[in-house]
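Each chain gets a letter, A, B, C, D, E and F, in the order it is written, and its residues are counted from 1.
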Amino acid sequence: MRIDGRGAGQLRRVRMTADYTKYAEGSVLMEMGDTKVICNASVEVGVPPFLRDSGKGWVTAEYAMLPRATGTRSRRDISSLKLNGRAAEIQRLIGRALRSVTDLTALDGYTVTVDCDVIQADGGTRCASVTGGYLALWLACRKMMERGLITRMPLTAQVAAVSAGVVDGEVLLDLCYEEDSSAEADCNIILSSSGGIVELQGTGEERPFTEQELKGILSAAKRGNAALFRAQKKIMDARG
Amino acid sequence: MRIDGRGAGQLRRVRMTADYTKYAEGSVLMEMGDTKVICNASVEVGVPPFLRDSGKGWVTAEYAMLPRATGTRSRRDISSLKLNGRAAEIQRLIGRALRSVTDLTALDGYTVTVDCDVIQADGGTRCASVTGGYLALWLACRKMMERGLITRMPLTAQVAAVSAGVVDGEVLLDLCYEEDSSAEADCNIILSSSGGIVELQGTGEERPFTEQELKGILSAAKRGNAALFRAQKKIMDARG
Amino acid sequence: MRIDGRGAGQLRRVRMTADYTKYAEGSVLMEMGDTKVICNASVEVGVPPFLRDSGKGWVTAEYAMLPRATGTRSRRDISSLKLNGRAAEIQRLIGRALRSVTDLTALDGYTVTVDCDVIQADGGTRCASVTGGYLALWLACRKMMERGLITRMPLTAQVAAVSAGVVDGEVLLDLCYEEDSSAEADCNIILSSSGGIVELQGTGEERPFTEQELKGILSAAKRGNAALFRAQKKIMDARG
Amino acid sequence: MRIDGRGAGQLRRVRMTADYTKYAEGSVLMEMGDTKVICNASVEVGVPPFLRDSGKGWVTAEYAMLPRATGTRSRRDISSLKLNGRAAEIQRLIGRALRSVTDLTALDGYTVTVDCDVIQADGGTRCASVTGGYLALWLACRKMMERGLITRMPLTAQVAAVSAGVVDGEVLLDLCYEEDSSAEADCNIILSSSGGIVELQGTGEERPFTEQELKGILSAAKRGNAALFRAQKKIMDARG
Amino acid sequence: MRIDGRGAGQLRRVRMTADYTKYAEGSVLMEMGDTKVICNASVEVGVPPFLRDSGKGWVTAEYAMLPRATGTRSRRDISSLKLNGRAAEIQRLIGRALRSVTDLTALDGYTVTVDCDVIQADGGTRCASVTGGYLALWLACRKMMERGLITRMPLTAQVAAVSAGVVDGEVLLDLCYEEDSSAEADCNIILSSSGGIVELQGTGEERPFTEQELKGILSAAKRGNAALFRAQKKIMDARG
Amino acid sequence: MRIDGRGAGQLRRVRMTADYTKYAEGSVLMEMGDTKVICNASVEVGVPPFLRDSGKGWVTAEYAMLPRATGTRSRRDISSLKLNGRAAEIQRLIGRALRSVTDLTALDGYTVTVDCDVIQADGGTRCASVTGGYLALWLACRKMMERGLITRMPLTAQVAAVSAGVVDGEVLLDLCYEEDSSAEADCNIILSSSGGIVELQGTGEERPFTEQELKGILSAAKRGNAALFRAQKKIMDARG
């Protein structure tokens, strides 16, 4: 039995609130247990220099935490004049994941920026950002179609992410912060609803991990992501 | 009749949600209509260099907006490597306002940082930050007393803020963004519950304003702040 | 009797030296007692992005202090890589004040930047910057007319600023640094020569201040600004 | 047959030149084909604040490329005032990998910084940095023992890294830049000589990849890293 | 005959105004023709880390230009977040020159920072900064002695600087901006009153220059610096 | 006899390795004894704003040291967010020296950036950068001619640099770090192969130096640079 009463292969309570803020073209409050991330997708005209005249649009992501999203207050990046390395790493991951299911030619001339701002962090914030960010991006694309900015849905599949790891020798799904802190191995697994691994990041925290453990982690993650795909789909279907 | 159906001297719907996030010593979601600000007060051991060995603690504030808190996305400060001038101005204002009702000697050895992060902006964000920030600070001070960190409440009065301005020649209380954009004069009035003006900032936006208009603005603001003091008090009383 | 022998409603010695430096289109050394500010107005072709094709020009201001303008040396902004918050606040104020009396359509295609560099600070530097900055701007506009860059004077009225505050319960005009440090309330009042308040910033330093005190402050400031308008006018008239 | 004539499971020519520069406590020029990285390990007294009085030392890494290490010149980080996101991500990876085989208590009081500077990049620079960085760290630790700074070798196993990916449906080991650019999937696999996975990063570049492909990648990487362990060992043994 | 009527070996009008600002321990307005530099020497307790417990004090310099010290406005360093390279080069030069005549052991425990802020630039600003900076430093040292902070004068000789160059084949002393712009060679020569060259920087602007020209330049500079030493001495003697 | 057995007027072993890296249009590893600098010349289309439509191209230089190029590790510029002052000064010097022998009109439309990255520093890194940078620039220009980008060689003469100084009263050529640290005077002399001084920087380190010493230094430097010109020429001739 886990610290919060869950079974080994059980997700925390998942909640996706669409239209959480009123200005963003796509806005989602993504909650995985006590982890809460505001995912806002903003549509802007124009593309980065390296895509000029390429016939393609662009999707990118930014990730940040409120100073007190965690147990101790952290300084804002602007105070130290440096984007913290962890955020740099995470926002690159989110961007890659979202682009992996985007047909950029269908976005020609537009950039969609998905801002993932963590209000409260209790483990798994990068995974929640991918999963919620996808939904925000989908809402924004749908709005672009309604407004006639684009003619077809650029998203070719869903993408979702979940963490899984080894704690006390057992594979657990969707680690909360306390579990994450004592995990022997910790993986973030991003999957596509069309099947297959979009991105996989695994770290042996206290010791190297085995291929056997990796197999168990992937297996748990597949079940977890399937549930997340269903939760995304439910909201998408409601929009028709 | 105003754009949103209010009377000239009427506040928007005020909502203060205490304990909005779980880590901060004091946490409040402050809503004035569609303006939403997360106010988190964090307690840290230590004081800034200029107060070392002074027998005093410190209260300071930081203010920021999520990139898509407004109609168009704005870049994060860290992207331009500059704290934007408006935020710099506002967070200095919030800090002064909160310190004006704080007996810093009662906080000796501690710094309380009140982070005001605007989730959604519809006019009056700095005022909402002062009003909600005060409540977050009070909650944090109360927790410090419960934990025995300090022996008496450092806050000597309540502080609240509201905007008022002249639109089409008429004095209106608590301007929303659209009203603010077309105002002839725009004031932010910060009052103390013990009576008197803590800070007053008035700007003639399209033309200079008159002392007569200032008088009307102050009068409206007094009624508005009185209502805000009651709303704060209700939550404070509930905590006993 | 005040620390420097003045009466309560008396300005310090005011001196405005036009053409202080030789390159700037408008250059003024502004002195209020021992407060000395070089105000240089520079004309450049082009406008900021948000005004492109708007038919308008732009007026903006920058404010800085020499490291040893004050009793103790302060680090240059570039050493800490941060524009200090106080300077950010002040230069926004100066810019707003100057624009309040400028018809930007008459400046179409040009930006005038008014640099206010404090050589020596003895209280009231932001007010001196507004008053001297106005004159530098006027000189620059006049030069633009002489050179045929613009066809009419864009400045529609004069603008000047003075501080006033409550010290030991008495309203004093034009506080020097030592008075400012012990003031109970401190206001900066920016007026237009066409009548009316351009901007008003009042802070209760040691306690909230009353509407009655505000009335006295405004009354003193009106007399002070009238004298400043006359001093500006004298130089302007001499230029024909 | 691959672009450079190698077999699918064959590494490029591996060359490790110890003592490449004369000042660093550990210095290695690491070459994998045309990829060349200078790995310098520097020993400094002191530990970061979060380890103070913990009985532990620290190992960290920095990664950068010379401006013309690649086909087109890139700006130095200092020109844009930003550590580029890719470098931030990579140097965090190198640091984690090296710490995974370090007993930090054996380094108590010291920080070893491993600088990985890419002279020429032809794919696999992060893997070369881990493999060469390990050797530089080992050389530095050995020097610390010789000098009596520490009493036992802090490194508990070897660590090495290699890339492997899927190109045209086939699993290839140690991708060069041209292969990397057209890969369907691309993994970096960091292993420990004591067995097990230290870190695994896999990305589907053009499409999601399958568990079957992951299995082939891991299998190729194991053989590749075994060869790298032997190459490291040869140099280490020569030092006695 | 030169552009401003001077002879080839003649300095521009030299004016040194001591006690130019009221706060700095040493303050000089240094004028060479239309070149005007405020040189303020500030005394602070403490030394940089590399001198801790060395029995020595420190002398350093900072150099900057007001944005409109020149014909076109230049951005402030803080706007680009970069100290401009020219200023970096010049302030290192000034610091070295001042330290060359300072016995740092006589300043033990103190740092004197000499800020050279150019109000108006018409060629030769770095030389004016050295010459005026020396006098400001001397005034500050004298004040330190008066206050009993130090027991003997740390300055062992005077230092002064002047430019000289080749214009149209002729050696000219103390180039103004217009001459400097068309010079074939341009040197800055810093001499000590005790005899000898403190620092020499010569650049062939349009062509390499000859040893013969260098000899002429040095000869002119010696006469120029002799006059500057006398001007400094006159003020120093007046202080007794 | 010198520390490394050389005669007073003898250079250290000079080695220039052309085509050191494979991407840069011109690449040289420049070695003077243990001082090693990678000089990479990169050709890019476009010129800086101040040369637009001028009919000229541009040559510029950047200079940096690897963190452990010296006896103690130095922080990367990006860590402190500041280009260090010494590097700023040196890269300006290198750029001026290279431009002094370049006919910029022959480079119309192109910018060549010469990156000088010090791998190992043992005195004389700026001189080695000029000498090696010249050769890298020549190689790049030659490649531009081969590719038909330009029609004639823009370099009108060779340029090379060497240090010389006074140690224990004796003039020594090409100081190594240890000699440099104890030198009474230290000069960097940049000469053109067409005769004449391109740039001269001389500093009295422990005392002012005399014109007589300067004469000896120049004489030694002429012989040293002649040898460097021959070494450059040998490689250039081999390319035809």
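The criterion applied here is as follows: a contact is a pair of C-beta atoms (placed from the backbone, for glycine too) under 8 Å apart; a residue touches a chain by one contact, two chains touch by 3 or more.
Not measured: the values here are computed from a predicted model.
Engineer: To reach chain E from chain D by way of touching chains, what is the minimum number of steps?
Structural biologist: Minimal hop count between chain D and chain E: 2.
Engineer: In the touch network of chains, how many steps separate chain B from chain D on the shortest route?
Structural biologist: Step count on the best path from chain B to chain D: 2.
Engineer: Once chain C is fitted to chain D on CA atoms, what angle does the rotation have, in steps of 5 degrees?
Structural biologist: 180
Engineer: From chain D, which chain is the farthest off, judged by mean CA positions?
Structural biologist: C
Engineer: Nearest whole angstrom, what separates the Cα centre of chain A from the Cα centre of chain D?
Structural biologist: About 28 Å separates the centre of chain A from that of chain D.
Engineer: Express in whole angstrom the distance between the two chain centres, defined as the mean CA positions of chain C and chain E.
Structural biologist: 33
Engineer: Distance-wise, how many Å sit between the C-alpha centres of chain B and chain E, to the nearest whole number?
Structural biologist: Centre-to-centre distance between chain B and chain E: 50 Å.
Engineer: Where in chain A do residues touch at least two different other chains?
Structural biologist: 81-83
Engineer: Should the ring be read from chain E with chain F in second place, what is the ordered list of chains?
Structural biologist: The ring, traversed starting at chain E in the chain F direction, is E, F, D, A, B, C.
Engineer: Quick one: which bits of chain F touch chain D in the complex? Just the residue numbers, please.
Structural biologist: 21-24, 27, 34, 38, 40, 42, 44, 62, 64, 66-71, 73, 76-78, 81-83, 113, 115, 117, 119-120
Engineer: If we count contacts the way the header does, which residues on chain E are in touch with chain F in the complex?
Structural biologist: Residues 81-83, 85-86, 88-89, 91-92, 96, 100, 187, 191-192, 194-204, 207-211, 214, 218.
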